[in-house]
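Across the two complexes that follow, subunit A remains constant while its partner is subunit B and subsequently subunit C.
Up next, the complex of A and B:
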């Protein structure tokens, strides 16, 4: 992995179904600042629409959503805080 | 010679675990900062129905005779040298340590919240705070009630929805609902984060005329103007604010300090419940960083896993949640899931509400472990199914 793509914050929400991965993302957002990159790992398929809706509402950017065999990896960039 | 098991915390998890251990194999000591044990779910009913019974009993009376109780506050835990220090100057050693240290509300994290909670009360900290909130609700003649969790981590995830539905029920019973606006704040995309539960909850909120403001992470409160502001840039004016404070882990200094995450939750193995890096240290209950709901039933199931491990039996936690959700007007549902089995939709019924009330009634007995065969059967019959 190239150094510039190394995420600033890794949020591991695998196995989280209740309350869910968005909890862990929101907590990371509270601690973040503009320019931060958050990489979210989840197993709950609901994470995809939730993260997109979250990013639209908060004005932040979903850089990528990748399905891996054991998890869904979402990379977000914090543009607004 | 029996091994020494030291349990820090006399809440649900710590008490159940201590009682579950065999005194012939283990010398068990519980350190609890309080001589009283609070049944925390009862705060909801103190605050929203004016329930009179005080949900508190002496911790000593809840522990088996074989369990030593030290009423003292732990200030420092050194996992390397196996030494626990207390406020009264005690130094306690152990062979096995169980951290059932819980979480506590911390309104100081949000500007204006400490003042707000002190004035209006809350239903996630103490009996006095819950009764203060009831006095405000009891006297409420009309206007805007704003209710929500300030941050995404909440002790008992169903409790925000339960609070707004019970507030609605109270106002309807008193004929004041027409003069009131109810606004529900949530940091999530929808009223309940788990989609299957939300499918049950959202239509009920809509039918009762409760407004929902999603993606609302509380940033600050302007107590002069009576306005709550969110990180996302929204705001809402209140007459009666019911804001659930943020929660943090217990105020204990750990060595090494990196066993805690930034919110002071203990970094805990999801299955073995051992604290990262220490085979003889376990964590259970709200104080862990497990991706499950912070609830009494979680602490109960985790205590069972650790009790088995300490008896030398195979033991693994599956992340099971089993949270009752009071929907008001005598109906309830359950939030049931596990690490690998998502929460399924559960039809609201009167029976499920009754089960929540019965769990509350038998709580004190369940701490002693006397109802375990009944609970084992219940958990088996209600186990979440694969998706």
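Up next, the complex of A and C:
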């Protein structure tokens, strides 16, 4: 679990087709600060490889990818802005 | 079933993020070609890449204030209703909505000055998606050292 003291932004992109989830993530990233944690919810199956590509391109970290019955939950840590 | 998978930190990538640039020369004026324009420009902009779209040829009609229904090519006409239905069911946005989001993330759209002259169009004839009217030399300079797609 995330410590509650860490700023934790939830981005709900469920039901949004590619490249919607990555775009919503990118919008949240623009408002973030170094050290923030962003949690992305999505249903598009492309989100798992796409968040890795996004993290590689932007220099941030994918902490975890969790497949839940109704969604994919990705937790990212913002390492640079 | 719930499974958790931890992803190891990609150390070299974290140290040195890559950027990049794509330039899309939009020439075709059929509806099928505008879908990848929307998807690729939005995805690239979301990755923090520089995105330049140069609109020329038959694609100019997709960007004018006067609305033109973009046709499907004859060979895809039979597929078009299923495509439209599937896109709606999966909440895939229209190409112009996707391009607008790409622009919010920094993408730029330019209309070709030569084609504007030929068609009698000026900047005022285009909708808000078009940032400026430029020549081929400007676009080639913008596209240099990046990937360029001709669509």
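Just so it is clear, the second predicted complex is superposed on the first by the 72 of 81 C-alpha atoms of A that agree within 3 Å, B and C clash if a C-alpha of one lies under 4 Å from a C-alpha of the other, contacts with A are read in each partner's own complex, and residues count from 1 in each chain.
The working rule: a contact is a pair of C-beta atoms (placed from the backbone, for glycine too) under 8 Å apart; a residue touches a chain by one contact, two chains touch by 3 or more.
Note that this is a predicted model, so its numbers are computed, not measured.
Undergrad: Applying the document's definition of touch, where does A:62 land relative to subunit B and subunit C: first, second, both, or neither?
TA: second
Undergrad: In the overlaid three-chain picture, which partner chain does A:14 touch, first (subunit B) or second (subunit C), both, or neither?
TA: In the superposition, A:14 touches subunit B alone.
Undergrad: If we overlay the two complexes on their shared chain A, which of subunit B and subunit C does A:81 touch? Say first, second, both or neither.
TA: Touch status of A:81: first partner only.
Undergrad: Between subunit B (first) and subunit C (second), which does A:54 come into contact with in this model arrangement: first, second, both, or neither?
TA: both
Undergrad: Which partner does A:34 contact after superposing on A: first (subunit B), second (subunit C), both, neither?
TA: neither
Undergrad: I'd like to check the shared interface: which positions of subunit A are touched by both subunit B and subunit C across the two complexes?
TA: Looking at subunit A, the two contact sets intersect at 15-20, 22-23, 26-27, 50, 53-54, 57-58.
Undergrad: So in the complex, the part of subunit A that touches subunit B is made up of which residues?
TA: On the subunit A side, the touching residues are 13-20, 22-24, 26-27, 29-31, 43-44, 46, 49-50, 53-54, 57-58, 81.
Undergrad: Which residues of subunit B touch subunit A in the complex?
TA: 151-154, 157, 187-189, 193-195, 197, 214-215, 217, 231-232, 262-263, 270, 291-293, 319, 321, 323, 335, 337-343
Undergrad: Considering the complex alone, what residue numbers of subunit C touch subunit A?
TA: The touching residues are 1-7, 9-10, 13-20, 39, 42-43, 45-49, 90-93, 98, 101, 104-105.
Undergrad: Per the contact definition, I'd like the list of subunit A residues that touch subunit C in the complex.
TA: Residues in contact with subunit C: 15-20, 22-23, 25-27, 50, 52-69, 79-80.
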